[in-house]
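Pasting the structures in now, so scroll down.
What follows is a pair of complexes built around chain A, which joins chain B in one and chain C in the other.
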Partner chain A sequence: MGYTLNFNLIWRHFDKLWGGLLLSLELAVISIAIGILIGLLLAVWYVSAGRAVRTVIAAYVEFIRNVPLILLVYLVFYGLPTVVDIAYSAQTSFIATLSLYSGAYLVEVFRSGLEAVPRGQLDAGKAIGLTPWQRLVHVRLPTMLRITLPALSNTFLSLFKDTSVASVISVPELTYGAQWINFNTFRIVEVYLVVTAMYLLTGYALLFALRLVERRFRAAH
Partner chain B sequence: MLGQIAYALPFLAQGFAVTLWVSLLVVLLSLVAGVMMGVGLVYGPAPLRWAVRIFSDTIRGIPILVLIFFVYYGLPAVGLHLESFWAAVLALTLFKTAQVIEYLRGAVGSIPKGQSEAAMAIGLTFRQRLAYVIFPQAFRRFLPPWINGVTDAVKGSALVSLLGITDLMHAINQVIGRTYEAMPLYILGAVIYFAVNYALSLASRRLERRFSFIRE
Partner chain C sequence: MPIAPPATPALLDVSEVSKSFGSVAVLRSVSLQVTRGEVVTVIGPSGSGKTTLLRCVNFLESYDSGSIRIDGREVGFRETGTRQRRSERDLAKMRAETGMVFQSFNLFPHLTAAGNIMLGLRKVRGKSSTEARAIAEHWLGRVGLAHKADSLPAELSGGQQQRVGIARAVAMEPKILLLDEITSALDPELVGEVLEVVRSLAEDGMTMVMVTHEMAFARDASSRIIFMADGGVSAAGPPAEILGAEIENERLRSFLARFRASHF
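Let's turn to the complex of A and B:
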């Protein structure tokens, strides 16, 4: 025992943690935005496509879901540049990885959401003379988004936590900041206490805000 | 290139064995701890319920990587010296336990209240109610998500490579360090993880279908 808590060094380097937290949020927001695009496109394509396309989309989803995120992060950052001739920063690489990762989870979310839209709504859309495109944009997608909103917020929260894996390729997000302070000051317990609190506070604040949004949309209907 | 990979295969197999061993330990330990704490959460007195709730919400609210580093670097600072292997197993087990608690709460919560009341009415003790009435029914709801969660344990175990434990992930990185064949080895690693986890998720789906006759 005999370990005395001393937070002074943590506060002195707090900019590393604060900047890290902001970067974590940024990574999560950008990745889920791209992930939503991927998920929407593939889900809409999936429900209207033939067998071959469905197999390919399902293969993408199953591959991503069954492989550790850290391996995907390494594969895109260290592996991919050895076979294709593009250079990118660690941060870009991580955003690409996390987007593809969240895209795979969101295809599933949106696909089941699309299938949960009541048949009667689509028939009603057809009855009032909407084109297939109008039925998709004005009937199916809005209803589907409302259904999938809770799953969407859960995905965002888990992505926010997943951004910690970016530290393995030295993206200076919150976990990286924690390790930096850990290795430079040895105030191990303090830094992880502070970082734990930061993840918890941010995560639950986000959860609270997202639940408000969900309630707002449920009330509208 | 293929020759180098073939040469590395026995080494990768050792790493794979460590991955499976870590996953197995985590899954078994968290099952015991999670079921006990889950019962505490559902049936325990208020202070115990709060303690379990706080434990579960805290653990599930932080990244698993932070938990691993916290346990690995933090425990020695307070005088507890664990080998890196056991520190990693402890951290992953804490994380998985929180999930098991929630699976159990969900499964037990889905059993209609009348079942418990009927069991009470015929004079069964608390233990008998759990063993003969609640658990046999809750089991069918617990099993599919739990098996699905085993894939999370296998995937999560890849993070122990960061503590220098030579699991499959670390073995792959070491082979790449020697051969510079990054892409083929990462793909090989992905295929191995995929094979294990996909088999588990298929099993989970099959069980779900098998138990789908149960109605609310």
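Let's turn to the complex of A and C:
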């Protein structure tokens, strides 16, 4: 066991990791933004729609929740373009997949949030003469967001970690950067130590920031 | 000889309203007229349909038959004789004509006291933010909470929250104010401050229908008391008559006896 740790080669290629981290964050932010949109639209649709629509939305949620993310990534990147005549970059493909993925989880989060808004608040909105749309925008959504904020930040944190799956289709995010350095320097222990620390520190920083936001909102609850 | 119009047409005209939840009849052909400026109190044992009746008046609940008119206009259904439910948009407009204060306050938790009052003024009445703020401050002053305009509901006591609830309702200048057991969720020492506000609104001539268990207040503040039992109006009359010494109505008598036994 004469292995001595040598981080020099890691620092020499650190731009691969730093650039990878930024891309990971970018993938997570874009995906959750689209996922929130999907989740909100479908959740609002779900609680106001009939059985047919509910079944379709539930099927989407169940499909995503029961298929491993890595398989979804393969399906969208390799599978879809062979069946349908479309072309997209690995990065676009991954963002689409992760958006659909987070969207499915967020439908559930938002749906239960919408259903948790006390009926009395909705009655109060009706009583002052708000239209259904105004009740949704000014009464139901603000309260729902406060209720779901912790779940929303948890989803974002796991999404940030899930971006590592993009390495399997060669999107140059953080884990891919690590693999690249590993292949080119064989410094496997060093590179994964550094990358683990980077995920950990970024995750903690995000958690801290999100909890601050939550606390600000909770004061209003 | 021409037929004279009624001297004081009813502002609220509930006519033979019935409603069932499944097989349970909660309202049985209830009729009730309230004229402008009247304060009508509805009393009765729990489950007698008081709250449901109130919630039908602003169509938070629909009803199966009969009609409810405010200022001559049918509240929940189109006036085509087909009992077609009004569109949500029309319902919203109709509801803006009535104000409601709830047992559990139901303030919007994300808005300040002033914000709660301003929401309807801005979105329903179309007031500018400055106008709405001025009206909100006026009404907060009226309920003794001028200094709490920027407090969130969570920072207010129950009595204060309920006074904001009242301010939110009256700031919309409703034709009629519905009060649904507004002191029932309050600690006893906070009841007085809320009833004081209601009393001052009554003195201003606000038309009110209130469901309450505060018998002393009902006796002092209302022009008429309705006693409901089993979904129907069992007795109605001026307070002295309903809460007086000689009551012929057997159910009313036993209700009051039970009420006194549990409150003294």
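As a convention for this text, the second predicted complex is superposed on the first by the 220 of 221 C-alpha atoms of A that agree within 3 Å, B and C clash if a C-alpha of one lies under 4 Å from a C-alpha of the other, contacts with A are read in each partner's own complex, and residues count from 1 in each chain.
Rule of thumb we're sticking to: a contact is a pair of C-beta atoms (placed from the backbone, for glycine too) under 8 Å apart; a residue touches a chain by one contact, two chains touch by 3 or more.
Everything numeric here is computed off the predicted structure, so don't read it as measured data.
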item	value
Simultaneous placement of chain C and chain B on chain A, clash or fit	fit
Chain B versus chain C as contact partner of A:37, first or second or both or neither	neither
In the superposition, chain B vs chain C on chain A residues touched	B
Touching partner for A:142 - first (chain B), second (chain C), both, neither	second
Partner chain in contact with A:179 - chain B first, chain C second, else both or neither	first
Contacts of A:3 with chain B and chain C, given as first, second, both or neither	first
Chain B versus chain C as contact partner of A:165, first or second or both or neither	first
Nearest Cα pair across chain B and chain C, whole Å	25
Residues of chain A contacting chain B in one complex and chain C in the other	none
Chain C - residues contacting chain A, complex	58, 60, 88-89, 91-93, 95-100, 102, 104-110, 119-120, 123-124, 152, 154, 165, 168-169, 172
Residues of chain A touching chain B in the complex	1-3, 62-63, 65-72, 74-75, 78-80, 82-83, 161-165, 167-168, 175, 178-179, 182, 188-189, 192, 195-196, 199-200, 203-204
Chain A-touching residues of chain B, taken from the complex the two chains share	58, 61-66, 69-70, 73-74, 77-79, 151, 154-159, 161-162, 169, 172-173, 176, 180, 182-183, 185-187, 189-190, 193-194, 197-198, 201
Partner chain C, residues of chain A touching it in the complex	118, 120-121, 123-132, 134, 138-139, 142-143, 146, 219-221
